[in-house]
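Several structures are given next for inspection.
Shared between the two complexes below is subunit A, which has subunit B as its partner in the first and subunit C in the second.
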Partner chain A sequence: MFEMQNMTVRFSIGEALRGVSLRIAPGDRLGIVGESGSGKSMLAACLMGMVPDAATIDGTLTIDGTNMTHASEAKWQTIRARRAAMIFQEPMSALNPLRRVGDTVAEPIYVHMGLNKAQARDRVLGLFEEVGIPDPASRFRMFPHELSGGQRQRVLIALALACDPQLLIADEPTTALDANIALKITDLLVHLSQSRNMALVFISHDLSAVARATTDITVMYGGDFVERGVTAEVLSNPMHPYTQGLLAARPSPRAVSRDANGSRRRLPTIPGTVPPLHKMARGCRFAGRCALERGECASVRPLPFGPRRITCHAVSEEMT
Partner chain B sequence: MRPLPANFIIGAVLVLLVVGVAALSLVWTPHDPTTLNIRGKFGEPTPLNWLGTDQLGRDIVSQLMAAARNSMTVALVAVLLGGSIGVALGLLASAIGGWVEDIVMRLADLGFAFPALLFAIMLAAVFGPSLTNAVLAIAFINIPIFARVARASANQIWTREYVLAARAAGMNKLAITWDHILPNIAAVVIVQATIEFAVAILAEAALSYLGLGAQPPASSWGRMLSEAQTLMYLAPDLAIYPGLCIVIAVLGFGLLGDGLRDITDPRLARAR
Partner chain C sequence: MTLFQARGLTRQYRLPKTHILRPAPVLTAVNNVSFDIHAGQTLGVVGESGSGKSTLARLAMAFEAPNEGQILFEDHDIHALGAGKLRQLRPAFQMIFQDPFSSLDPRRKVGWSIAEPLRAMQSSAGTRVNEAFEQVGLHAADAGKYPHEFSGGQRQRIAIARAIITRPKLLIADEAVSALDVSVQAQILNLLMDLQDTLGIGILFISHDLAVVASICDSLLVMQHGKALEYGPATDILNNPSHAYTKSLLLAAGDRV
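Moving on to the complex of A and B:
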């Protein structure tokens, strides 16, 4: 059980996470969506104890009842791999080009499980099989450049599963893969989460992948959770203006079709860009890009409201 | 495959020549390089003494061969010793960071502040002239060079995603350094070692020339040079041969190092 209370990660230029709270139980499948710079990866770093040294952390993080908020690197090494593991966006750069992939996966098994070479090898071959790598024995001896993108991502999933973690964080696991492989990797992650009763945190800006992989969803913007809920409900009926904008900007066959006058429809976008941390509004982080913006938005921070815990002045007012 | 650069090929041929001669001298030289033959001093080149004899009647070819062996040994031990310590310090600085990195790098700067050869001469002079001290002195001037190279390359590797993945898999910094950082900086370190090998040969020759390196009767190109110096007008060839040997060895390792760098550095490869 991972529990985050009021977590804030502050850099000298601003806050990358603004007092977010989260609870992850075994078997949960939680999607995190948001633009680049919304704090998705910082959230993952928090859960892995890998926040850069330059940041200061407030709030509490407990893992199975142990307070890990300011735990030492040595203590985190007992958590990583065995409690929480992570896979990355770019499977090529996340594998050491000079090591055989089998050795890379075997490494945490030696270190954390105290197995000998033959036992570790057997375990790696078993993991390769579990993540769907054909002919594990010959793949074991291959170098990353000899594998396809999908195979590499499977190797990284095997690496993450090496010590049977309770939580697997997938940080944009499908972004670097083509659509077909991305679908297979997404399904594999769901399958592993179910068969191992392992929690899955699926970080992505691919909304269809999140819809497929997760039961719950959290939408992030500027280090805040702006909307949360059951994935299907949030995606079919978004309430926060940011979530609505995100969904509207999704390309679909309709988006390139023609309207009544025969001219091409343009893909709707959210106006503006994510401002750098030090230029974010003090109140609602979405102020400045929001269609529903009013006077108080830029200066007064909206409080989470309703079952979806939406942070938006306009929406909360409408609902009350 | 891309053709090998010319400097690599020329360097490799020269290095093979020098190393081959040095290796051969372990098992065979035309004569014993230290046997005197006063009656046959300043001998002309003959089928028996290919390059003649020196002022004490010793065979020059045999001396040059034995000197090559000494020179290689000194350079090898000095670069290996200085290189290992330097790389270890560089990796340590890179892995720990913070004040440890600052201290190691400021000490390295201190090492750079002295001209390397002058520093080696000072060390050898302080600890007394001997081949061992010459080796230690040359090793010492190599430490900051390798520390700096290792740290700079290691810092780059630490930012790679596979290092992040290894950390996420619960590896400690020592294991990451050994498994991921060291293999990935090896190419840079090997290139540097080849270049420093040339510098070490030159340093050994210089120390021996000043009487701070190889002591008689051990053969050394530098010592042969200094002995020939007083006889420049009488027998100029005595100075030419060891000088030529030094040029070949230093040029060979220098070119080999440059060539290796051209091969291993993808930025230069693209420009070619």
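Moving on to the complex of A and C:
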């Protein structure tokens, strides 16, 4: 239903996405991981038709067979809310503090579904129930500041579900939440995807949340897809050096912080930081930070290789 | 001598009145909490939002006074000291804040910002700014740049440089790595360990993420609703949690691949 072919998003300083291809079918649960600046949010913006005007787009995006690559804003407004909806990271700032949360959730229902006030209210109460908000009738009249962070995130999920989208994009939905609440929100998103046969794109740098929420995973770096596959397989046996680095850097709650000699155990890290777009290597984007880097890496772009479509010269040579 | 001792700390806040004739309700943010921090060691504080972690940090920094209990920093009761004495003691305990984007003045060069604690002490910066930059893995030349020229991880390094510029004996880090990517988080945690090993400073490390706390702390304090649920050596608590809440935090953090 959502199909992206060879999508490139180019700004004057460089490419934010470099020829990525993606298919999303109903009920799919896809995780997108990578550091800040790896292009995760730009991918989401592409799927929602929210690429900034300053960018030029190459490639094709089709939604249910309709080519949406260069679609007008008016056309996109028929897609958003009903075909694709999005929830954002910060539940504090995504809600209007001066409006009752019930009215906020009812708005897309008026606009897109043409229901009257009483029907919209019933629908909002049903949505609140579905996302696990207790006592929906009294929550309907509350203002955002009267709700906890977890409840606000549930309101935003209800808002995204208001017009029964086929695809829900969750951009860092659990990052701002406490660990226990984050687990509940993650489980709720999985449950909603299953019960509604709705596709879920779960963008996060929290690998444990992605492991819990998704069946498939795509690792991004510098606007490239560097490794893809079944979530459990990729996370238990990462093959691209970037995926390996990301997984190793994650601290373990069972870690003993000093070894037998009393000296501290350091965490493995990926050296350096994600460079800005205009300083990215022309070849493999990960060149300059990679332990396996060789001569051609910085200048020759590696082609996707093997079932995981890994883009790495060293790994693909080792495998052949 | 123990570097830092908190004894029976209680901090209450008065909430807005709900009724004109009734007394205002009271929120007990921190309820009878005690702990020690030794030089060269890290105490991790973990708990959900609203558990009193940040109140603890403000009490430890003497930004506000406890209703009951006391804090001894090298045997000085910091809440009983006069303002002048406290000011003299302040260079010895410094804080690293959560958000590296809002804790640096965007219109000042970072070298100016990190020398601020020295100006407050009325001592001259001299080579100390360059030294602090190098200690946190940046170049001395970076002092002439503005905050927007740095990435999130580099800004957190700058915030750490500002905290160590007075050569403190205790660092208080409140969610210091929570806003960072996993890989950058690991770099900053390693930097804190390096600084601790070379400078022998004690660290009070506050986070909602048990995995992050476990990787750096020697002892651990688990807080919920202002109370200390568990306190002791980190390995004991992590391997053998006695409280259901600690187990749920471990589960939340341990559900990793």
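The rule is short, and it goes like this: the second predicted complex is superposed on the first by the 312 of 320 C-alpha atoms of A that agree within 3 Å, B and C clash if a C-alpha of one lies under 4 Å from a C-alpha of the other, contacts with A are read in each partner's own complex, and residues count from 1 in each chain.
Going forward, a residue touches a chain if its C-beta (ideal position, glycine included) is under 8 Å from a C-beta of that chain, and two chains touch if they have at least 3 such contacts.
Since the model is a prediction, treat every value here as computed from it, not as a measurement.
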Subunit B versus subunit C as contact partner of A:Leu95, first or second or both or neither: first
First, second, both or neither for A:His145, with subunit B first and subunit C second: neither
First (subunit B), second (subunit C), both or neither touched by A:Ser36: second
Touched partner set for A:Ala162, first subunit B, second subunit C, both or neither: first
Touching partner for A:Leu235 - first (subunit B), second (subunit C), both, neither: second
Partner chain(s) touched by A:Glu107 [first = subunit B, second = subunit C, both, neither]: first
Partner subunit B, residues of subunit A touching it in the complex: 48, 50, 73-74, 76-82, 85-88, 90, 93-99, 104, 107-108, 111-112, 156, 159-160, 162-163
Subunit C partner contacts - residues on subunit A that touch it in the complex: 35-36, 149, 178-183, 205-208, 211-212, 232, 235-236, 245-247, 249-258, 263-270, 273-274
Touch list for subunit C against partner subunit A, complex: 42, 48-49, 151-154, 181-187, 189-190, 193, 196-197, 208-212, 214-218, 234-235, 238-239, 248-250, 252-257
Subunit A-touching residues of subunit B, taken from the complex the two chains share: 160-162, 164-172, 175, 179-180, 183-184
